[in-house]
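Chain naming follows the written order as A, B, C and D, and within any one chain the residues start at number 1.
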Amino acid sequence: MTATISAFSPVFDRVESQVRSYSRSFPKTFGKAQGATLFDKSGAAYTDFLAGCSTLNYGHNDPDLKAALMDYIASDGIAHGLDMFTDAKQAFLETFERVVLKPRGMDYKLQFTGPTGANAVEAAIKLARKVTGRTEIVAFTNGFHGVTLGALAATGNSGHRQGAGTALPGVSRAAFDGYFGPDIDTADMLDQQLSDPSSGFDAPAAFIVETVQGEGGLNAASPEWLKKIEAIARRHGALFIVDDIQAGCGRTGSFFSFEKMGLDPDIITMAKSLSGMGLPMALTLCKPAHDIWEPAEHNGTFRGNNHAFVTATAAIEKFWSDGAFEAEVATKARYLEDRLGAIAGTHGFTLRGRGMMRGIDTGSGAVAEAICRACFRQGLIIETSGGHDEIVKVLAPLTIGQAQWAAGLDILEMAFDEILGGHRAAAE
Amino acid sequence: MTATISAFSPVFDRVESQVRSYSRSFPKTFGKAQGATLFDKSGAAYTDFLAGCSTLNYGHNDPDLKAALMDYIASDGIAHGLDMFTDAKQAFLETFERVVLKPRGMDYKLQFTGPTGANAVEAAIKLARKVTGRTEIVAFTNGFHGVTLGALAATGNSGHRQGAGTALPGVSRAAFDGYFGPDIDTADMLDQQLSDPSSGFDAPAAFIVETVQGEGGLNAASPEWLKKIEAIARRHGALFIVDDIQAGCGRTGSFFSFEKMGLDPDIITMAKSLSGMGLPMALTLCKPAHDIWEPAEHNGTFRGNNHAFVTATAAIEKFWSDGAFEAEVATKARYLEDRLGAIAGTHGFTLRGRGMMRGIDTGSGAVAEAICRACFRQGLIIETSGGHDEIVKVLAPLTIGQAQWAAGLDILEMAFDEILGGHRAAAE
Amino acid sequence: MTATISAFSPVFDRVESQVRSYSRSFPKTFGKAQGATLFDKSGAAYTDFLAGCSTLNYGHNDPDLKAALMDYIASDGIAHGLDMFTDAKQAFLETFERVVLKPRGMDYKLQFTGPTGANAVEAAIKLARKVTGRTEIVAFTNGFHGVTLGALAATGNSGHRQGAGTALPGVSRAAFDGYFGPDIDTADMLDQQLSDPSSGFDAPAAFIVETVQGEGGLNAASPEWLKKIEAIARRHGALFIVDDIQAGCGRTGSFFSFEKMGLDPDIITMAKSLSGMGLPMALTLCKPAHDIWEPAEHNGTFRGNNHAFVTATAAIEKFWSDGAFEAEVATKARYLEDRLGAIAGTHGFTLRGRGMMRGIDTGSGAVAEAICRACFRQGLIIETSGGHDEIVKVLAPLTIGQAQWAAGLDILEMAFDEILGGHRAAAE
Amino acid sequence: MTATISAFSPVFDRVESQVRSYSRSFPKTFGKAQGATLFDKSGAAYTDFLAGCSTLNYGHNDPDLKAALMDYIASDGIAHGLDMFTDAKQAFLETFERVVLKPRGMDYKLQFTGPTGANAVEAAIKLARKVTGRTEIVAFTNGFHGVTLGALAATGNSGHRQGAGTALPGVSRAAFDGYFGPDIDTADMLDQQLSDPSSGFDAPAAFIVETVQGEGGLNAASPEWLKKIEAIARRHGALFIVDDIQAGCGRTGSFFSFEKMGLDPDIITMAKSLSGMGLPMALTLCKPAHDIWEPAEHNGTFRGNNHAFVTATAAIEKFWSDGAFEAEVATKARYLEDRLGAIAGTHGFTLRGRGMMRGIDTGSGAVAEAICRACFRQGLIIETSGGHDEIVKVLAPLTIGQAQWAAGLDILEMAFDEILGGHRAAAE
C-alpha cells in the first residue's frame, strides 16, 4: 500500500471531503489528457473507458474544440453573462436548430438551466407540474436522475436517497422494461394501475424515463416498450420526459438516444457530453406549447456557460453536420458488441445496453469490482454500474482510434480471465 | 422599439425558452468583455455594475486568470475528470489551504459539489440533516439559496417557490435581522420559539443564513445579531451554515463575508466568484468532524471543473496572497458609500448593504426599474433587488478602475435625478 | 321525484353539508332498528344488507347489548372519563384478554385511540415509524384505511386522495394478491423491489394490509400470499400490520379475519363492529415489545368511550365465549356462497370475498348501482364496492334470522334478473 | 405506593398500552359519575375540575340528557346508520338551526365528520385547501388541534409532533396574541410576512385559531387581535377557521367562544361538549358557499352517532333555549375570576384564560404538578396545561352547584398554600 499512498499528495486526504469517490478507484493524480488517453503525474498513460460517465463522448481535448475555445478566450469572448444574449449563445442556438432540430423535424424551445444534469431534471419536473397542475412524477426502477432533492426523488438508488435526510415525495415508482423478467409487460402493469381509480396511483404530471439506464445497470428499453409508455403517459394526461443526459449526444449511436423509434417527447433533458469538451452545461428542451415559464421562474447564476456554448457549437458542427460520425460510431458499436458478447459468452454472463453504452452483468459487485481493479493495473480506466455495482460498464470515447479500442478491450478480456479463470474454463 | 428588435437575432425568440430574464433588461447581444466593460456586437461599450450578480468580482477576463487558463488548455490539461485527483485540483486545494484557510485559522474540509450555488446549498442541507439526524432547516425572510427543490425550500421568494409545483417541506422560517424594525430583536424571537416546546418549531438540523442578503434586498445583518444567531443554533443543537455564495470572495471587503465577526460556521457554501473568471464552480466547506459523507453519497458529473480550478487558484494567488487587494476594495467601498449615501440623501432614500454590495431602497419596484433602464440608455448595466425589486443594486467588479468607477456612479446619480427630479428637488 | 322529495325533511338539504353520501342512495328517514331490520318514519321495514359497512355484525339494538347499556346508564355509569381507569374499561380489558386473546394464544397490548378506524390506523402507522425509525409504509392497491391525512396516505382511492388537497407522502404502493391476474405473484414482485437497492423503494417501517379489502372490491387475499407478505415484511425489517377494521369481529367467520392462517401480526387495527352496537370505538393492538409510546404521545378526547366498553364487553361475552356463534356464521356463509354463486353463475359474473363478506363483480358501476336501487325499491338496503363501484356487496348482520336472510337474497336475485334479464337469459 | 398499586386492577398494566396518560395522574378506578362528582370503586367522591378537558360542560350524566338517551335506546332508536337520514339527526339539525344558528344570525352548513375533534379539524383543513386551491395553513404558537397527521401538522406541541415519525408539511407557524410580550403586535407581524413576496410565507389556504388555547396554556386572544387576524386572512385570500372544540359550547360563557366579537368565521370546528354527555361527536360548520364537497369525499364509519344526536339535541334545548344558563355561567365565571385572582395574587402568579376556562401560571411544571397532586389527595381532580405544563387549569362543569364550586376552589387554594407556603408568605 506504500506505493498507493505515495501516488498522490496528502493534501487530498487533509483537505478534500470524504465524499469523493472515483479517486478511490483510480488513486493517481492525473494531469494531461488527449483523446481516449489520460496521463498521470509520472507520465504513465491510461486508456479511458469511463469517459467522464459519458461526458467525454468526443474524447479529451478534441483539437478542434480546444482551438475554438482558445480563440474565444484569446479574443476576450465573454465568459459569464448570466442569461444575457451573447454571440456564443446565438451561435449555439443557430447551430443546434440547424444541425440537430431541423433535420430531425423536431420543434423545441431550449432552456439553459444551471449547468448540471440534476438541474435540467429539476427544471423538467417543475415545468411538467406547472403545465399539468399535477404533482406526481412516474419514475422507474433503477432510474438515475441526479441528487438535488427534486431530482433525487426520481432517482431509485437507496444509497443516494438515504442521503436526502428528508422525505422525497411526489414520485410514483413503476417497473422498467423487463424488470420482472421477459414474460411480464411492465407497461401494461403501469397502465392498469393508472386506469384504476383505487390503485393508489395519483394522476401524474409526467413520466421520466431513460432509454438506456446508465447508472442503473445499462438496462436498455425496447422501442416497443418506450412507445407504449409514451402512449400511456398521453392517455393519462401526463407529459413524456426523456432523460437523455447519459444516453444522448451519440452514446447509443444517434444524437438523441430515441431517434427512429417514433417517439415524440414533451421534454428532453441533456447535459454531460453536450458541451463536447467536458465543460459544465445542461439543457432542457420542451415543446413550444409547454414553454409557459415566467421570466426567471427557474434561474441560476451559471445558466449561460459561454465557454461551453463555444465548444458545444464546435462539437455539433464537427460531429453531426453529416452522417460520417454516426456511421463510425455504428462500426465501433458492432465491434464492441462482438468483443463483449464473446467475453460474456465465455463466462456465461449477460450482455447489457445498446450502442456504445454497453456492459457485462457479472451478477456480483465483488467480481465486477475485481475486474475493474485488474484493468486499472493494466492501464485501463473502467467502472461498474447497477444496483449492486455488478455490471462492468464500457463507456469509451466515441472517437477512440481502432488500435486503442482493440487494445483496451483486450485488457478487459484478460481481466475477466484473470479474475474468473475464464479462458481456461472455456478451453477445458 | 424597432431599434430594440433589430438589436438581437430572432433566433433567441424562436428557440430560447421564455424563462430567460436578464436579456429582457439588456436587449443587446454581447460579444467581448474586459474588466468592468462589456461590448455589444456593434462595438458599443457598457460599464458592468451587475458583474454576473457578484460572479465577476475580479472583472471579465482578468489577464492573469485568462493566461493561466489558456496555458492549461494549450498543454492539454485535463478538463473533465469527474472527481478524480488532478494536478489542477491539487493546486487549488493547496492554495486554498495556504492562502485562505491557514492565515485565518480555519480548519475545514472542501466538498466540490455540482458547480452551482444551489448544489452547494443542497449538499450543506443534506449534510446537516445527516449529522444531526434532524430534518428541519431554519431559513430567514428574504433569504435566497437557489431553485432546485432542496435549495428552493430554504428560499423565501414566492415567485420562485410557486415554480416548485409541489410542497417544499422541511424549512422553518425565521425573521432576518431588522425584519420587524429596529426595536424588535428577531434573534430573541427565534430563541423563544425554539425554547418553547409548544411553539410548533421542531428541533432544527441547521440554520442557514446570508450575512448580506443579495437577492433579498441587500439586507446586512449586524455582527451582533449573527453572533447571537450562531449561539442560538448551537444551544439548540443545530449546525450554523453561512451561505457565502453572493457575499463571499471579497464582495463585502474580506474573502469571507463574516471575517472579524468572531463567527465559526459549521458549514460554508461558496460559488459565484470562486472560480474568479465566471466559470461554474461551487464548494461546500464543513468542519472536519462533520465530514461524515459516504463516498459518492452526494455526487454529480461536474463536481470537478478543472478549468475553474485553474482560474480559482490564479485568482486566490493574485488577489488574496497579501492585503493589497483588500485595502483597495475598502477604499472603493468607502467611495461607494459616500456616493450612494449622497444620492440616497438627495432623494430621501435609505442606503442598504455593506462593502461593495450596496444599494438604494427606492421604495418602489417601478421607480427602481425606471432608474436601471435610464442607466442602461447611458451605457451602464445595473439591476434591482429585493422582494418588490425596489432596490437599485450596485455590484461592480471589485477591480474596476477609479475613473470608470466614478463615471458609472455619475450615470447612476443622473438616472436618479432624471427619474425622480431629485437635483431640482434638492436645490429648491 | 315528488315522492322522493317528500320522503325526508327539507332541513337536511338546508343545513347538512353536501358531503353526505348514503342518504343519497337511501332517501328515507329512518327511526327505529332491530336486528337486521330498519324502519323508516312511515313504519316501512327494510332489510339491512349494509349493516353500517360491517359495523353492525350483531345487528341493530341486540337486546342483551341494549340491556347492558341501559343498566349502565341508569346507574350513572361514567360515560366519559378521558383515558382514566373505569370499571367499564376494566371489564372490557379482562373480557377481551380472557375470551379473545388467551384462547388464541395471542399476547398484545391494547391502545384505545380516538374512536374511529382512521385513528386506529394513524396510531398504528405512527407506532411502526417510532419502532423502526423508518418512514415509508407499504400499502396495497385498493386498500382503504380511512381519510385523515395519515390514514389517507395509505388509502388507494383517488377520489378520497384528491380530497387531501396536499401531498400524501410516506407510502409505497404494492400490488394486492391477484392484482395483475392469477399468473403473477405480486408478493414476489414486492420482495424483488425491496431487495433491490436501486428499485426506488425505501426501507419500510411497516406493511399495512387488509385480508379482505372491504371498500376496495371484496378482494380476498389467499392465506399463502398473506404468509409470504408477512415473511417479506420481517425479512426487510418492517412491521406487519393487519387492518382488521372491516373484516374483523366475525365478518369472515372468526373473530380476527386472519385466524388459522398462521399469521402473527405486529399490529392489528380494529373498529367498526368492536363495540357491538354501532357505538364509536377503535383499538390498536400491538405486540408488547412494540409498546414504546410515551404517555399521551398519541392522545385524544374520546379515547375511552365507556358506553362502547359496556356493549363491547357484552358482545364478546355473548358471541365469542364459545364456538356456537362461529358455527352459525359458517352455516350462513355457506348459504350465502351458494346463493350468490348461483346468481353470479346465471349472469356470468364472478363471486368475490370470503365468509359473510361477499359480493358479485358485475363489471360495471352503472349495473351494480341499478341493481342496488332495484333492491331498495323492494325494501333491501345494499350497496356497491370497488374502484369503479362495480361490485354488489352483501354485508348482512351475522345474526340475521334464516327467513329474513333467504328473503333478502331472493330480492337480490330478482334485482339481478330485473336489471340484467338474467332468468330469461338463463332459461332460454 | 402500595396503596396506589392496590387502587386498580393489574389488568391495566398487563393489557393496556403505555400510551395511557390521565390514569397516571389519577390512579383510581372510577365507576359512577353525577354532575361534578366522580366516584371511585370504593365509593369515594371526587370533585371534577377537569370535566373531560371541557367535554363535560353540562356535568356527568345530566338527568335530562340521560333520560332522553334511555328513552331513545328503550324504543330501539337507531344507534348507527352511517350518514343516512334519521329522526335523531333531523331533530338535531332542526334544533341546532333554531336555537343556535338563527338567533345569532349565522348561516352555516353542518358536516358530521368522524366523531373526534381531530377529524373535524382534518375536514376543515381539507375543505379550505379545496376551496382555495392552496395548500398552506397558518397555525399559531401553542395551538392544539389533534394528533392525526393532518391535525397534528397544525398542532404546536413538540412531544406530539415527534410522535408523527414523518414530516408534517403544509403549515406555516405564526405567533399567537401576546406571544412576544404585550408590546409586540403579532398580527402586524403576520400581515407583514404575508404581504412580503420574499418572506418565505406561501399564500395560505386558511388560518386556524383557537380564541382561548386550552392545551397550549389558556392563552386568551383579545377580540381586537382576532378581528385583525380575520381581516388579514381575508386580505390574503385565506379562509378563517375558528377551532372551537375546547372553548365552545359555553366554556367561555356563550355557545361559541367568539360571540359578540364581530367575527364571521368561514369554518368552525366543534366536538368535546357538543354531545352534552361526553359521547363522541364532532362537527365542522362551513359557510354555504364553501360547501363544495363531493358526496363522501370526506367520509368515515361513525359520522352519525345517533346517541350523540339525541343528547346533543336535549342539551341545546335545555341550556341554550333562553339566556338563563348563560347568565348562570357568567356568575360562576366572575366568582372563579375572583377566587383565582386572589390565589394568583397571593403567590405572585398570573391569571390566564377567560370565562370558565381559567388557570394560574405558576411558571413551573413541577410546581403546577405538585399542586394538582395535592388537590387529588383532597378529592379534587384538576390538571395542568401549557408548553411546560406550568399552568394549573380549572375546567369545572358549568353546571356545578355553588357549594361544590366553592369547596373545590377552597381545596385548590389550600393546595397552592401547601406547596408554596403562600398564606404564611402573604401574612408576613
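Following the convention adopted for this analysis, a residue touches a chain if its C-beta (ideal position, glycine included) is under 8 Å from a C-beta of that chain, and two chains touch if they have at least 3 such contacts.
In this text, all values refer to a predicted model and were calculated from it rather than measured experimentally.
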Chain pair showing more contacts of the two, A-D and C-D: C-D
Most distant chain from subunit D by Cα centroid: A
Equivalent interface to B-D, taken from B-C, A-C or A-B so that over half of the residue contact pairs match: A-C
Approximate Å spacing (C-alpha centroids) for the pair subunit B, subunit C: 58
Where subunit A and subunit D are represented by their mean Cα positions, the distance between them in whole Å: 58
Cα-centroid distance, subunit A relative to subunit C, in whole angstrom: 49
Euclidean distance of C-alpha centroids - subunit C vs subunit D, Å: 31
Multi-chain contact sites of subunit A, meaning residues that touch two or more partners: 135, 159, 162, 166-167, 169-170
Complex contact set, residues of subunit A against subunit C: 135, 139-143, 155-159, 161-162, 167, 169-173, 175, 179-180, 184, 189, 192-193, 196-203, 216-217, 386-388
Residues of subunit B touching subunit A in the complex: 8-9, 11-12, 14-24, 26-34, 38, 41, 50, 52-53, 55-56, 60-61, 66, 69-70, 73-87, 89-90, 93-94, 96-97, 101, 109-112, 114-119, 122, 125-126, 128-130, 135, 146-151, 153, 159-160, 162-167, 169-170, 205, 271-272, 277-280, 284, 286, 291-302, 305, 307
In the complex with subunit D, residue positions of subunit A that touch it: 166-167
